[in-house]
Structures are given as C-alpha cells and as structure tokens.
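One chain, chain A, appears in both complexes that follow, with chain B as partner in the first and chain C in the second.
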Partner chain A sequence: MTKRKERIDRGIKVRSDGIYALNSYREILYLAFPRLLPVVGLLAVVPFFSLYWQEVIASTAIYALLAVSWELLYMTGLISLGQSLFYGVGAYIAGALNASWGFPIYLTVPIATVGGGLLCALMLLPVLRLRGIYFAMVTLVLPLMFSRLVEATRILGGTNGLTGIDSFPNHWISFCLIQIALLVAFFGFRRLEGSDYGLVIKGINDNDRAIMSSGINIYWYKTQVLFLAGAVGCFAGAYGAHHDMFAGMPGFALDYSILPIAAAAVGGMGSFAGPLLGAFILVPLSEILRALGALRIVFYGLFLVFAVVGLPEGLFHFIRRKYEQIERWVEVDK
Partner chain B sequence: MRTDSLLTVSNVSKHFGGVVAVNGVTFKLKKGEVIGIIGPNGSGKTTLVNIITGFIRPDKGKIFFKGKDITGCPPYTITDMGIARTFQMIRPFYQLPAYKNLIPSLFSPRVRRLVGGKYGDRDAVAMDILEEVGFERDSSVPYKDARNLPHGYLKRLELGRCIALRPEVIILDELFSGMSIAEVTSTVPIIEKLRDEGIAIVMIEHRLLELFQITGHVLVLNFGRKIAEGTPEEVMNAPEVKEAYLGSEDVAKEEIGC
Partner chain C sequence: MLGTIIIYGFINSSILVLVAMGFNLTFGISGVANFAYGAIYIFSGFLTWIFLNSLGINYLLSIFLTFVCTFLLGYLIYRFILLRVRGLSLSEVMATFGLGLAIMELFRYFDFVGVKYSLPVFIDGSVPIFGNYVDYQRLIIGIIAVAFAVAFYFFIHYSKVGLAFRAIAQDDVTALTLGIDPDRIGAISLALGSSLAAMAAIVILPLGTISVENGYEVLIDALAVCIVGGLGSSVGVIVAGLVIGYVQTLTANFFEPRWMILVSLAAMALVLVIKPSGLFGKQKELEERV
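Up next, the complex of A and B:
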C-alpha cells in the first residue's frame, strides 16, 4: 500500500482563471484577503513602525518597483540584467532637472518617469529583436557603460554626482508616495496581465512566431512593455534621487540590477506578487543581518541558496498552492 | 501586376548555402480557389509557405497580394493584410486553455479593424470558432490547457486561429498530418465550407485522397522546382511526377485509387 498526495482545488474557481462564483462572505473574504494584504500592510501597518524601519520599507519599495518592472519584462521574454539602467536614468533625469534647472519635485518626478521610460525604450529599441541571453547581455552592459561615460566625460557631476537635490517636503509625503506608487504599479501590472493585452505579451514569450502569424507586431508590443517597465524603474530612480538628495554613479550599480532578480527568484517568477514578496523578504533581511557585521553577506548568500534550492518554484507559488488547494494523503494500491 | 488573382507568387527562389530550397516557383491563386501543393519531403513546400508569409525573405522573385508587392514584408504585416497560416510544427500556447489560444488573433489590429471595435466578448467568439473547427462546446475540451490536448485537436486549433483572423487567404501547412482518419474526415467539410465562403486556400498536403476531394488544382514541387500543375489526373499522369514523387506508376494508381 502506498500513499499519494492528492491536491484538490477549493471549489470556488469556475472553469477558468478569473471567473469566480461567490456564494458567501467567507468566499469573498477568501478571495479578498490576499489582495488586501499588501494594501493594508503598506498603508496601515508600516506607518506604525519606527522611523528607521519605515525608511527600510521605503527602500524596499524601491527595489520592489524594480522587481515588478523586471517581472513585466520577464513575462514578455525580455530578460533584463540591467534594472539599474532604469534606476540610474530616472535618478539622473530628476536630479539634473531639479539641481541644475530648478524644476520643482512635482514636475521632476513625472518628467523623469515618462521621459525616462521613453528614453530607456528608445535605447533598447535596436536590440529588441534579440531574445534571451543576447538581450540580457546588452541590458547588463548599458548601465556599466553609462557610469563609465559619466566618469570619463565628467558630465552630470562626474564621479561626485549631483548634490543639492530637493528632498520631499516631509517624511509622510515621501512615505505615502512610494507606497502608493508601488501599489499602483503592482495592481496595474496585474490587471494588465489578466487582460487580453497581457495574453499577447505572454504569448510573445511563449511563442513569438504564432503571435506574428496573428498579425500582431511583436516589436511594437515589446517597445510598449519596455516603456512601461522603464517608466516604473525610472520612477523608482527619481524617487530615490529626491529621497537621498543625491543622484550619481551608484544609481547604475549592480545592486539595482541583481536584487530585483534575486527577489524574483526567491519570491517566484511568473507572477507579480512573487518578486514583490521576494523584495520584502530580501531587503529587510539584509538590514537584520547587519548585526552580524562582516558575516552578513555569507548568511545572506546562504539564505539565497537555501531559498532557491528549497523552493525552486518560489515562495509565492508555494504559499498560493497551500492557500488555494486542499492537500491530503490518499492510499493507492498497486 | 494583374489584379484578377488574389495571390501571385512570381518566380520565387531561395537557397540556404548550397541547397536550393525553392527554385523559380510561380503560381496564381484566385478568390475562392483552393490550390494543393504536393511533393516529396524536402521539396521546399514549407519554405515556400515561409516565403509567402514573410518568415523568410526570398533571394529572387516577387509575391503580390491583391496587386500589391508584399515581398520582404514582416509576417505580422502580411497577416494583417489577410493571409493566415497554420504551422506544420504546431505552435499553440501550451500554458493557455484552448479557447484562450484564439485571443491573440481576435485581439489583432486586423480583427479589431474589421469588426470596428464591437466584438463583444472575445471569449464567446473564440468559443464559437472552436465549435466550428470541431471542439465540443459543452465538454471540457475547449477549457483544457493546450498542453493536455491530443495532437489532432491542436492541429484544428491552428485552423481555428486562422479562421479567427477573418483572412482572405489561408495557407494550411500539412494540416492533416498527425490527425486520425476520423479527424481528417471531419475536418474536410470545414475546409470545404471555408472554400465555399470565398476564402482562397493553399493546402500543402501528403494525404492525396482528401486533398483531391477538396481541390481540382494541384501543383507538384520537387527539389524546389515546380514540375507539374493542373488537375489531379493531369498531374498524376505527368511522367515527371510519377518518377520524382510517386516512384512508379503502380504506386500512383494505388494512391489515388483509379
């Protein structure tokens, strides 16, 4: 007699994704709980944290924005190893507009978001035909190139960076701005993913020739996705510049490229919630580990290895399965 | 270019390195007409389809659609104009339910232009089209993920994706290969219906019996060259065809059953 694990979907799902039959408040709560969790968590719980941890969460949100932006590209089949390109471009645009030309914050952030998104899409336009590792290589090189360009030509403050950037008027504006932006990006992208548009961009990843034979210009769609992902990343950069009152070469540093990918790997790729969850584990974890001093990176690395080996599907997919399915052991006779 | 023909392939050639895949092929397709393209394996049939649909650029020759030169246009532009194709190597979206496989086609600029934004529910339209190509509407089949469907269904899913585009020309690249006899028999009327609706069809096929049932106009390729064109009888009696494609006369007679 052997046993087998049987998995049964909770009976709430009707036929396909996104169509639900709700019969009771309990079922509504069942659906609403995971969706409300980030909203309530970010807007109602975090404000009661100490100032230090609020700042940690704000910087987590920056990484989470980059991770969500990374996931959108990943869904379309564009592997980005250079999220720092978005961060750096956003930071430098906002910084230069504010510090050099005196634009106020309420103009610099929107301009950096939209303009930066356009600029990033434009820069990656020539390599849009590349896929997988080839596209990834170019995205890896671009931010490195930019930081060397700034260093060599001494434009935009050179190695010193741009200082004297306005900070946000007060802590609460700054805090609410980043949390709301994160929620908007997260739920906006989720909505996009569920629409027919999302089906097409995921189709481009799956099987771009079939999408082309459906009469859809995949390069135009990839450009749109690059703009969207770029704009979200550039917003994170613009926010970062005003938050730190500094924009400089560290904006193009590898941290901003690698951490979003690590977050996606830990949290689970293939959904926006995964990278979000990943970022909210990794960044605070790295803060907690500061107590260990020099050993911090060792433990951080060990955690990454264990997380990825132990739950290769990602934490989010694991939790979701436990939440949506009833598991039980049933006996099977041979 | 004369405009009485819908699709004109004029003297098209393509070689890969030293191999001549397609060598000076010319044919014309009129509205509502079905052309069958047959030939041994490796005779350049699929390459020809890839050239017409823009996946491969020809070295020589031109392709005209409704009098317009479409040589070298990207695949999505060609599809957008009204040429839909199936793939011999099926290319469904394996992760998606069958009916969702049609959504990209229904979402395409062409379809949205044709229906003028009033499509209603795309899922419902997708379901109608799937029923048309033989998916049982009231069963779970249209809702199953494509990766769980048998090969015959996936082939018909390819056809459904073409129909969803409301094309003027459909190119079927070995639609029947991998289908069971029953599936082939039930698919033939679908193609005949499309033909009667005035859609021009290019059929690449190895199943001659069904092909000859659908069309009286056949073209034979061998080593990338068109060696014969005409009615099934004319083609099958052409000495080049007997020699190159069917090997010997006896086999030819057996195949077409005359």
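Up next, the complex of A and C:
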C-alpha cells in the first residue's frame, strides 16, 4: 500500500484568485491579510516597541533593503555576492557630501541614492556580459578591493572613516523614513515584477538568448536593473551613514554582503517576500544571540547551513504553500 | 636587490601555489564549491598544534593524524552538507561558507589567539643564496611546491581518479554512463582538497603564528590564483601563482607590504573583466558569457 502526498489549492484561494469574483469580506481578508501584514506590522506595531527594539528593527530594515535589492538582481540572473558595494558607496557619498562639503541631510540622501545607483551601474558595466558564478566573483571582489584601496591610499578618512556626519533631526523621522522606504521598495519591486518589465527581466534569467532573439537589448535592461538595485542599496548606505553618524570601511565589510544573501536563502528566493521575511528573522535573531558574545557568529553560520540544507525552498514558500493549499495522503493506483 | 626579488618572489609564488592547489582540485577541477577552504586551512594548523602541544604527540605523527582528520572532515562535509544541495551553485557556496564561518569563529571563541600558537619549523637555520640568507623552511616550501605541482599535473591528467574529477565537472550524467559515480568522486575530491589544505598549512604556518584572519586571506588568495589561472586548469594555477607572487613581491619591495593583498584582488577583477575563463581555462569558455 503506497501513498503519495497530494496538494490541492484551497477553495478560497481559487475563488479569490480572479479579482472580479471577490464577493465576501472573508475572501477580501484572505487576499489582503498577507499584504497588509508588513505594512501594519512596520508602521503600527513596531512604534510601540521599546527604543532598543525599535533601533533593532531599523537596522533590520537596512538589511532588508539590501536583501530586496539582491532579489531583484537574482531575478535577472545576476547573482551578487557583494551587496556591501552598494552600502559602502551610498554611505561614503552621503558621508563625504555631508561631512566634507556641508550639504544638508535632505540633499545628501537623494544624491547618494541616485548618484550611487548610477555609479554602481557604471562600475559593473564592463562585466554585464558575464553571468552566473563569474559575475558573482566580480561582485565579491569589488567591495573587498574598495576597502583595501581606502586603507592603502588613506583617502576618505582612511581606516578611521568619516566622522561628524549629521544625524537625523529626531528619532521618529529617522524611524519612519527607513520603514516607508522599505515598504516603497518592497511593493514597488513587486509591482515591477508583475508588469511586462518584470516578464522581460525574468526571461533574461531563464533564457537570455531567447530574449535577445526577440529583439530586446538585454544589456540595457541589465543596466537598468543594476541602477534600481544599486539605488536601493545606496539609499540603505546613505541612511546608515546618517543614522550611525559614521561612514567607513565597515561599510564594505562582509556583513552587508552575507546577511542579505543569508536572508534570501532562509526566507526563500524567487519572490521579494522571502528575503524580507528572512531579514526579519535573521537580524533580530543575531541581536538575541548577542548575549553569547563571539559564539554568536558560530551559531549564525550553523543556522545558515541548516537553513540551506534542511529547507532549500525557503521559509516563505513553505508558509505560502500552507496558506494556499491543503495536503493529504492518497493511495497510489496500482 | 635583484637576487632578493627573484628568491622571495619564487617563495611567495610557491606559497600561493600550495595554498591554491587544494582549492583548485575541489572548485576548479571537479566543480564542487568549497568556501570552507580557509577554515580547513587554519583548522589543520590548530589541530596539529593541539596534537603537538596539548596531547604531546611527536611532530611527524601529529602531521599524519592531521592529514587523516582533514581528509575525514572533507568527506563528511560532502556527505552531510554538499550532497543535499548538489547542483544548486548558490546553495553550495552558502552552505560551505556558513560552515567555514562557524569553524573559524569557534576557534576565536576558544581564544586561539596569540604568539604561542605557532608550529615549529622542520629544520632550523638558513643558507646563503645569491648573498641572501634564506631559511630552510622557505626552501622546503619552494621544493614541496615544485614537487607537488608536478605530481598534481600527472595526477590530474593521467590517473583514473584525476580524470574522473574532470569528468564530473564537464558533464556528470555522461560521467555516470561511463561508470563514474559523481557522488563518490565529489566526496573524494573534497577530502583530497582538504588534505592538500592541511599540507599547505603545515608547511607554510611555521613561518608565522596561526591566526583566524589567516583563514579569510587564504580563501581570497586561493580564489585569486584559481580565477586568474582559469578554473579547471592545473597549469594555470602554477602560472597564475608565479605572476601574482612576483607582482606581490615587487609591490612589497617598491611600495609597501600593505598593498600586497590589493594585487590579488585587482588581478582577479581584471581577469574577470577581460577573459573570465582565466589564462588557461577552457571548459567553461562558452558558458560564462552571453
């Protein structure tokens, strides 16, 4: 008597799939609940946390922005092992403009976002033809090179970094800015994914030659995607520089590269919600583990291994399956 | 001056070649990612130190035991971690990198930091060559690097196992039809690569102290040499080791030693932009770019 697992979509999922068929609050709620969860969670629940945990959530949001930007690149088939490049570039631009030239904060952040995105896209332009592991290696090397360059040439404050950067006028502005930016990036990218544009970039990942033969310039699309992802990452960097009142070599450190990828691996790749979920699990987790001191990174590494090996599809896809489908064991016909 | 550069450049290149060989065997030749390589390198250093000083076993025996342990460690990593994510290149990288992180930080946690963590040199003393005094340990590194490079070439190109390594990297399904079990060969590749890391660690580490940061640097150096030489090429590793080694020595001589790590990073970036398959890589030439 052999059995197999059968998965069937829930009735409510099938009924509410077509937007025109919504005919009860239950169905509307079924659709709206997962989408409203991050909005309500970030804007209505987190402000009631203690100041310490609000700060933790703010730094979680920085990593989440990098993770969402990583996912956009991944969707296009560009695997980035160096998200810290974006963070570092954004932080240094905002820091240098503010600390050295005295630009006010409402100018440095937009300039760092757009200018940093352009700069990152320009830097990666020569390697756009690469794909897979080779592109990944370049992105791994670039931030390491930048931090060594800063160390060796002593430009931009050298190993001490840039200090004396203005902080945000008050706690609530800084807090709201990062949460809203995260939500805008997250829902914006989701919207992009659903449009024709998203279809093209996903096509580049699946079969770039087929897209080329449809008469679409894939390099131009890749450049645009790099700019978008870079701008989001640079915003995170610029925000981080003003938040910490510091921009320096730690911006190019491995933390900012590894954590977004780890978030994507834990949360599940292939959708923007996965990395977001992953970031909101991993960063608070590492905060809780801080009590363990140096052992924290050991647990962290092991957690990563278990997540990658034990749940390869990622947590988000697992939860989504439970939310949308019922599972049951059925007998296999002989 | 010239003599110094030639000799120390050669020794520096030998170190790079030794460090890169194990990584190349696993990642380059058989296409199995092992980003825990740096961790395995310092793991074998500390393990030898523990055998030698904490357990009081003699030097030769502890070296032998370290080889056995790292071989087993490599095999276990493949069997319990990599086998489950085989084929998903990003997951392979993530899983091994996470493991490497855990191993290295565990040593930091147990406070393996300080001058006392160093291995004894094989033979004390030095010998004059071209008017420079070169200590025996550095000479031994050069000799072992040359010997292993030659042996490595013949092993990869003429032995059955070596050919099987290249086979699973090119097409593991076809390899299976010819009676090569990709899982078994992958496990052997990781185990052998790990023992090569141990060999490099035991020969090189007596020059200084064993530190956790070493692990990260070793990974970058190994990656640089493999990328510049070309993944899947055994000659490439030697040439790339020589090029990067000499450029590093020149940089250290004419500028400052702290620029040295920049050389490997810049070489890696440059090669990836101009010729991503590396100087001698052939296998992946068609796959890497659109």
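Structure notes:
Following the convention adopted for this analysis, the second predicted complex is superposed on the first by the 321 of 334 C-alpha atoms of A that agree within 3 Å, B and C clash if a C-alpha of one lies under 4 Å from a C-alpha of the other, contacts with A are read in each partner's own complex, and residues count from 1 in each chain.
Here is the rule we use: a residue touches a chain if its C-beta (ideal position, glycine included) is under 8 Å from a C-beta of that chain, and two chains touch if they have at least 3 such contacts.
Note that the coordinates shown come from a computational prediction; the quantities given were computed from them, not determined experimentally.
With both complexes superposed, C is the one of chain B and chain C in contact with more chain A residues.
In the superposition on chain A, contact is made by A:D206 with chain B only, not with chain C. Touch criterion met: A:G293 reaches chain C, while chain B stays clear of it. In the superposition on chain A, A:P169 contacts neither chain B nor chain C.
By the document's definition of touching, of the two partners only chain B reaches A:Y197; chain C does not.
Legend: residue contacts after superposition of the two complexes on their common chain; A:G102 is shown touching neither chain B nor chain C.
By the document's definition of touching, of the two partners only chain C reaches A:V141; chain B does not.
Of the two partner chains placed by superposition, only chain C is touched by A:G132; chain B is not.
Once chain A of one complex is fitted onto chain A of the other, the partner contacts of A:L304 are limited to chain C, with no touch recorded for chain B. When the shared chain is aligned, chain B and chain C each come close enough to touch A:I218. Residues 209, 212, 218 of chain A contact both chain B in one complex and chain C in the other. Taken in their complex, chain A has these residues touching chain B: 15-16, 196-197, 199-200, 202-203, 206-207, 209-218. Residue ranges on chain A touching chain C, taken from their complex, read 79, 81, 126-127, 129-134, 136-138, 141-142, 144-145, 148-149, 151-152, 208-209, 212, 218, 258, 261-262, 265, 269, 293-295, 297-305, 308-309, 312.
Of all the residues in chain B, the ones that touch chain A in their complex are 53, 55, 74-77, 79-80, 84-85, 87, 91-97, 100, 103-111, 122, 143, 161, 165. Across the complex, chain C meets chain A through its residues 81, 84-85, 88-91, 93-95, 97-103, 105-106, 108-109, 220, 223, 227, 256, 258-259, 261-262, 265-266, 268-269, 272-273, 276, 287-290.
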